[in-house]
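Here it is: the structure, laid out below.
Labels run A, B, C, D and E following the written order; every chain starts at residue 1.
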Amino acid sequence: MEELRKKARELLTSGAVKVIIGYGPGSGKRVRAVFVRKPEQADLLICDDRCLQNLAVYLTKPEVKALGKAAVVARLPTLRAILQLAAENQLTDGQVVALGISPEGKMTELSQFKAIEEFLAGFSFELSAEEKATLEKLDQMTPEQRWQFWQEQFAKCVRCYGCRASCPLCYCEKCLAECNQPQWIPAASHQIGNLDWHIIRAMHLANRCVNCGDCSRACPVGIPLHLLNQKLAEEVFKQFGARSGMKAAQEYALCNWKLEDRENFIK
Amino acid sequence: MARIGVFICHCGENIAGTVDVFKVAEAAGKFPGVVHSVEYKYMCSDPGQTMIKDAIKEKKLTGVVVAACSPRMHEPTFRRACAEAGLNPFLCEMANIREHCSWVHEKGEATTQKAIELIRIMVEKVKRNKPLYSIKVPVTKTALVLGGGIAGIQAALDIANAGHQVILVERSPSIGGHMLQLSETFPTLDCSQCILTPRMVEVAQHPKITLYTYSELESLDGFIGNFKARIRRKARGVDEKLCTGCGVCIQKCPQKKIPSEFDAGMGKRTAIYVPCPQSVPNQPVIDREHCTYYIKGKCKICEKFCERKAIRLDQQDEIIEVNVGAVVAATGFDILHSKDFPEYGYGKYPDVIDGLQFERLASASGPTLGAIKRPSDGKEPETVVFIACAGSRDDAKGIPYCSKICCMYTAKHAMLYKHKVHNGKAYVFYMDIRAGGKNYEEFVRRAIEEDGAVYLRGRVSRIYEEDGKLIVKGVDTLLGAQPVEIKADMVVLATAIVANQDAESLAQKLRVSYDPYHFLSEAHPKLRPVETNTAGIFLAGACQAPKDIPEAVAQASGAAAKVAGLFSSSELSREPVIAVVNRLPPPVFSTCTGCFLCEKACPYQAIEREEIKDRKGNVIKVVAKVNPGLCQGCGTCVALCRVKAIDLQGFTNEQVYCELMAL
Amino acid sequence: MEGHPEDQDQSLMSRVREGTGESAYKCYQCGKCSAGCPLALEMDYPPSQILRMIQLGLPGLEEKALGSLSIWLCLACETCVARCPKEVDLPKIMDFLRQESLRRGLTHPTAKNIIKFHRAFLDPVKYTGRAFEVGLIADYKARNPISAFQDVLIAPKMFFKGKLSLAPHMIKGRGEIGRIFERAMKKESKK
Amino acid sequence: MKLGYFPGCSLLGSARELEESLMLVAKKAGMELTTIPDWNCCGSTAAHNLNHLLSVSLPARILALADKAGMKEVLVPCSACYNRLAMAQYELLENPDLKKEVSEIIEMDFEGTAKLLNVVEGMEKIFGEDSVLKVEKPFEHKVACYYGCLLVRPAKVLKFDRPEDPQSMDRLMKKIGADPIDWPDKVECCGAGLSVSRTDLVAKLSGKILESAVKRGAEAIIVACPMCHSNLDMRRENIEKAAGKKYSIPVLYLTEAIGLALGLSEKELGLHRHLVPVVFPIREKKAEPEKAESAEESAGAVEE
Amino acid sequence: MSEFEPKIVAFVCNWCTYAGADLTGTSRIKYASNVRMIRLPCTGRIDFMLLLKAFEQGADGIIVSGCHPNDCHYTAGNFHARRRWMMFRSLLDFLGIDTRRIHFAWVSAAEGAKWAEFVNSVTDQVRKLGPNEQYQKLSQAGVE
């Protein structure tokens, strides 16, 4: 943590960056995102187990961009999000400094995409055994049971779009949910609209989601949305060998194809 | 408010026999927005079309649905009729109640009901149709032909003779290509150079053809009718305007032992050289890799002896830019090289040679003046083994395809050898004899029956040297796969035809697709064999697939006809069924987020990046833009776009959505 | 699924495909294998012809292939597959044909020596874990009296040169090896 | 330096001199060879002729033992064992179902991580660029390097040298002062698997190889494989009988030739175990007369 | 109605399947009249959202069909579509949506008979599954 604060002070003092996006004290025992703009505020920064939010979400916000070059405290999913955003032309190299935090809590300054790529190459992007087991459990249900499970979940959805707001890859200025000519997604939070919304969101995040889990954490009614994204991430990897956020010049599996792609359902 | 007219065709009994057209007309009349609904015996007939035209005028229709046959049949007819009545043709849609309804279902209520629904779907669609206008693109009436082999020469001459400017770019110092290397051609055995050189001269003298030899395409931008090509003119070291082609420099050049590319290594050349005496242009180039001056910094003998003072040792490569409206790729082929045949000792034994090398041996203008002499000791070989399918149809060597011309040229080689060495023995190992073509089979039979070439069906497993002979270990499968050993003096491998080494990078420059073997791909294997999937770029010759001379020439003329067609008017007009990225007033400018995932997906590279700038010129955002010249309207980008910022005219999201809502 | 004709029956062709993953259909009978095979001339049918018999699958031909001497003469020297333009793994197919020939009891009479030798080789391995050259020669001769004199000349010389040890080597994991043999035999015979 | 080591059955018996010479050279180079504990027979030609599962399972046990012993690289001097081990490893890694089945059969987990080295690769390591070994008595003979089938094929699996015209042994021979000939039979088959059961065929195939080497002036044949050695050396009488002529050319393991050049004695290297005496034409007199003699002989043989 | 007649919506590309279905017509091959075709230029254009909307509009079964691999009029639209459907289908399955109601096929312009057979077989299968209750219940629940 001291290391991080020191680096933050350094970066701000030297003027290398104008703002540090990191975690700071929130209400109670919680932490929240803070935007440190002065070296003397660097001591606000916290880095511990509570700091899970994917701060890459702020990088595409015009208000944040207006502050100038940013450094962001970045755990692995945040680093992946940065590369994925780069692959989607939302960030350019050198625009952001990542203060990479390894799972052991060690900090590394990564100012180029290449450095982030190399840093990430040292870590596996496999789901944890626990995550795999959860998916497996769902996979082993009958379709009816799965339908039941998800319907119960989606019934709770109030369409607050917290999932969208927390997602670093939901940076579209005008989300499809707001398109009304035609109105693809019924606006009200009834069953069909909810199902549509979550299917569409999952499809849009296929091979883009970096598995930070912020959607589920943000959901006020506790829908395990990350499962949908994890499922598709696993499918994309299994079928096309692609993982999101590995390279700044990443290819997107769904705008690509191979003659050897194999399915078993097209007659 | 929409005012839609519905016109239901009986098609004689074809529709009316199964569908209750009267009931359909009545039902359609009640759809919201429909102000006119009629049926008629033959809508496509003159009176039928007149009905539509009259209704458009009288009822002030804003959209027309013709319920009849397949739009693939009569959509152009009815759209034309609408246009004649002053309605934008893209406000007319067809409901297919014949092929998709009356012909495939039994007479009855369900079928009639289906016809009604099909019309309802189209009515809902047409209500959202917008007038569209054909896209006009200006055309630069100059063609760029890449490659000066027989295909490129033919294409260039045909286009030029149709009255258009041509720029012909050839990589090597002379045009002529591989055909110029050949001795005689099958199945007529006429001399290759005798028929080719007049064409080469014609190219050089044609007022409409600009010839750039020793030049290569650097890059190509733009789209059909409006390409910009950058061409690298490699430093020749000789001023073409001054050089008379007297050849003194070549005689005096001290570097005389460089293997000649033109002679496929069978002969030698100097460092300043022309590939062969018939070269066009006949001005030499300096091969800097081998020239003493460039290696050691002194020599300049050529400069000293050149009376015209045409030698330019300090010349640099030059890049020129040209505007062209169409491109013909005629970059030809290569053959498989030595490293691929360890079992045949090709590259190890000098007397194991390839087909092109044999051509040079057999050519009257070749290094042996047409005498068949083996490379190792210059002796006349008494026994020659020819091996067809050397590398072709060989998955293990990565070439599963048939090289197409080897059967014929191997028969020719065996024949030429027998004509020149009467007592010689010619053995041909073959797999199948593929001699489809005018007079081709007869030609092969002649090699066997009249010239006595011995054909053995089977592959050769191995070649090795023993006692000065090449031991060819093969098999004859017609003898029950009996191993056969032939002691040969020379072996000629009909090595596979492969794409040029840089074919892939050329394809990427041209943005045309290519197959796994790097041959350039035609737009459709049967119906569009000379076009590529990039509009305005055409193919000729063996860069597309292995071909013989007549085929290459035919394709070149076909490509030339396509180019001449394209150049027949100064503007080209295209269907407006293309994708468009929305543009909105500031501060949004476009709902496009600039993720450019569509860019990769587009099969036509039609997605471009547009920078939106403020008044000071600062970039506010970068959004996608569709190049209307390149977009073919498949709509893959539309399905991919998360925010639906991109849409396909004629099949917009709204149109399709409303079709579904009408179900 | 892909409806390849081979998958639909129990022809030798489909058995080969199951057993080796190799398709005899890939072969287009160029004969390069027969041309390079060191023993093609000794065989009753050159290798490419064996493949042809499998390809055709006509009555009698499969038995002819399985009953051939060729499959037992194959040295597995891999010259054929190294040069095969269609990358057909013929030695692998030969291995399978030998085993199939044993399963179906179609083995060529003069191949019996070869089989005896292979069995004689494997027996000590089964019981001791390693091959035993003295035993091998003795055992092979016992199984094959006709050729009893073949190696009479060599064996004593080998002793003399210290090249043959008289006692077999016993490894500790003999039990494991025995079980490996049992399981492999059982599973293979069921195929 | 350390390497895992799998001797194989032949090296305890008919190919003792290969092990002896290899061990000596390795020791001299400071290379420690650790034998796989409780190794078993690879099953050789016999297993893959009769039972596919057995032919994979026997090597699988060996490889599993090597894994267990933590060996990263295993030197397998016998080409036949090397080939069987490499083939089984390849097959098992390619086919997860088979891997599972075989793991059950051998009662051990098979991972197959160890890299296998054949004897030529082993010697390249032991006698490589940075080796401490010095050539003391150059092996100045014209030699025919004979690789046989098992070292180079199938190339897809073994990925060793150029399968049609390998050079690695030739390079090693040049290094010790020998003059390797260019000849076409480097990778021809000697008849290995039929060594005992069809001596007639083996005599024919091996005879062709001998003839080709002698004809091109070789003074020794250098081999890497016990099978090749036994066919060319132990079966010499059979070959001579079939050919109707005598051949005196000795057959040396490459380890023996290297050992000689390093100054090791013939006895230590086990040269006395050969059936064909290791004698070279005397240099001073030049090799020509003897070669001429053998050429005459071969001409005579043809006439007979 | 004595038996349940499913509503089938087919999304087809203009160049292969639409033309193939035209050929079914010109060959006068009869098939179930349950299908309604939506013509699009290419399978690449078929947005997965269209399939969702079709279910919501009461479709009991859905057909998606286009050119065979390598035959796409636009060279690669069908390859893009294939990847999309691979993902979409596994997502639907993961959500418990009955994937037996969505059928994919490659039907070329020459395969008029295949089109008829395919439509018939899909219609039969969906008829056996009965009405699309999952979605019907959702829509009822959705009425506010």
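What we mean here is this: a contact is a pair of C-beta atoms (placed from the backbone, for glycine too) under 8 Å apart; a residue touches a chain by one contact, two chains touch by 3 or more.
For clarity, every value in this text was computed on a predicted model and none was experimentally measured.
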| item | value |
| --- | --- |
| Graph distance between subunit A and subunit D, where chains that touch are linked | 2 |
| Contacts common to subunit B and subunit D (chain labels) | C |
| Partner chains shared by subunit A and subunit C (touch criterion as defined above) | B |
| Top-ranked pair of chains - ranking by C-beta pairs in contact | C-D |
| Most central chain, judged by mean C-alpha position against the global CA mean | B |
| Identity of the chain that, by mean CA position, is farthest from subunit D | E |
| Subunit A and subunit E, separation of their C-alpha mean positions in angstrom | 34 |
| Whole-Å separation of chain centres (CA-atom averages), subunit C against subunit D | 22 |
| Distance from the mean Cα position of subunit E to that of subunit D, given in whole angstrom | 64 |
| Chain centre separation (subunit B, subunit C; CA means) in Å | 51 |
| Junction residues of subunit E, two or more chains touched | 48, 53, 76, 80, 84 |
| Multi-partner residues of subunit C (each touching 2 or more other chains) | 79 |
| Multi-partner residues of subunit A (each touching 2 or more other chains) | 184, 254-256 |
| In contact (per the touch rule at the top): chain pairs | A-B, A-E, B-C, B-D, B-E, C-D |
| In the complex, subunit B residues that touch subunit E | 70-73, 96, 98-101, 103-106, 110-111, 114, 117-118, 121, 513, 521, 533, 577, 601, 603-604, 632-636, 638-640, 648, 651, 653, 656-657, 659-661, 663 |
| Residues of subunit B touching subunit C in the complex | 343, 389, 393-397, 431, 457-462, 473-477, 480-484 |
| Subunit A - residues contacting subunit B, complex | 88-90, 171-176, 179, 181-182, 184, 204, 251-252, 254-256 |
| Touch list for subunit A against partner subunit E, complex | 138-139, 141, 143-151, 184, 186, 188, 190-193, 195-196, 199-200, 202-203, 206, 228, 231-232, 235-236, 239-240, 253-259, 261, 263, 265-267 |
| Residue ranges of subunit B touching subunit D (in the complex, touch as defined) | 342-343, 348, 462, 464-466, 471 |
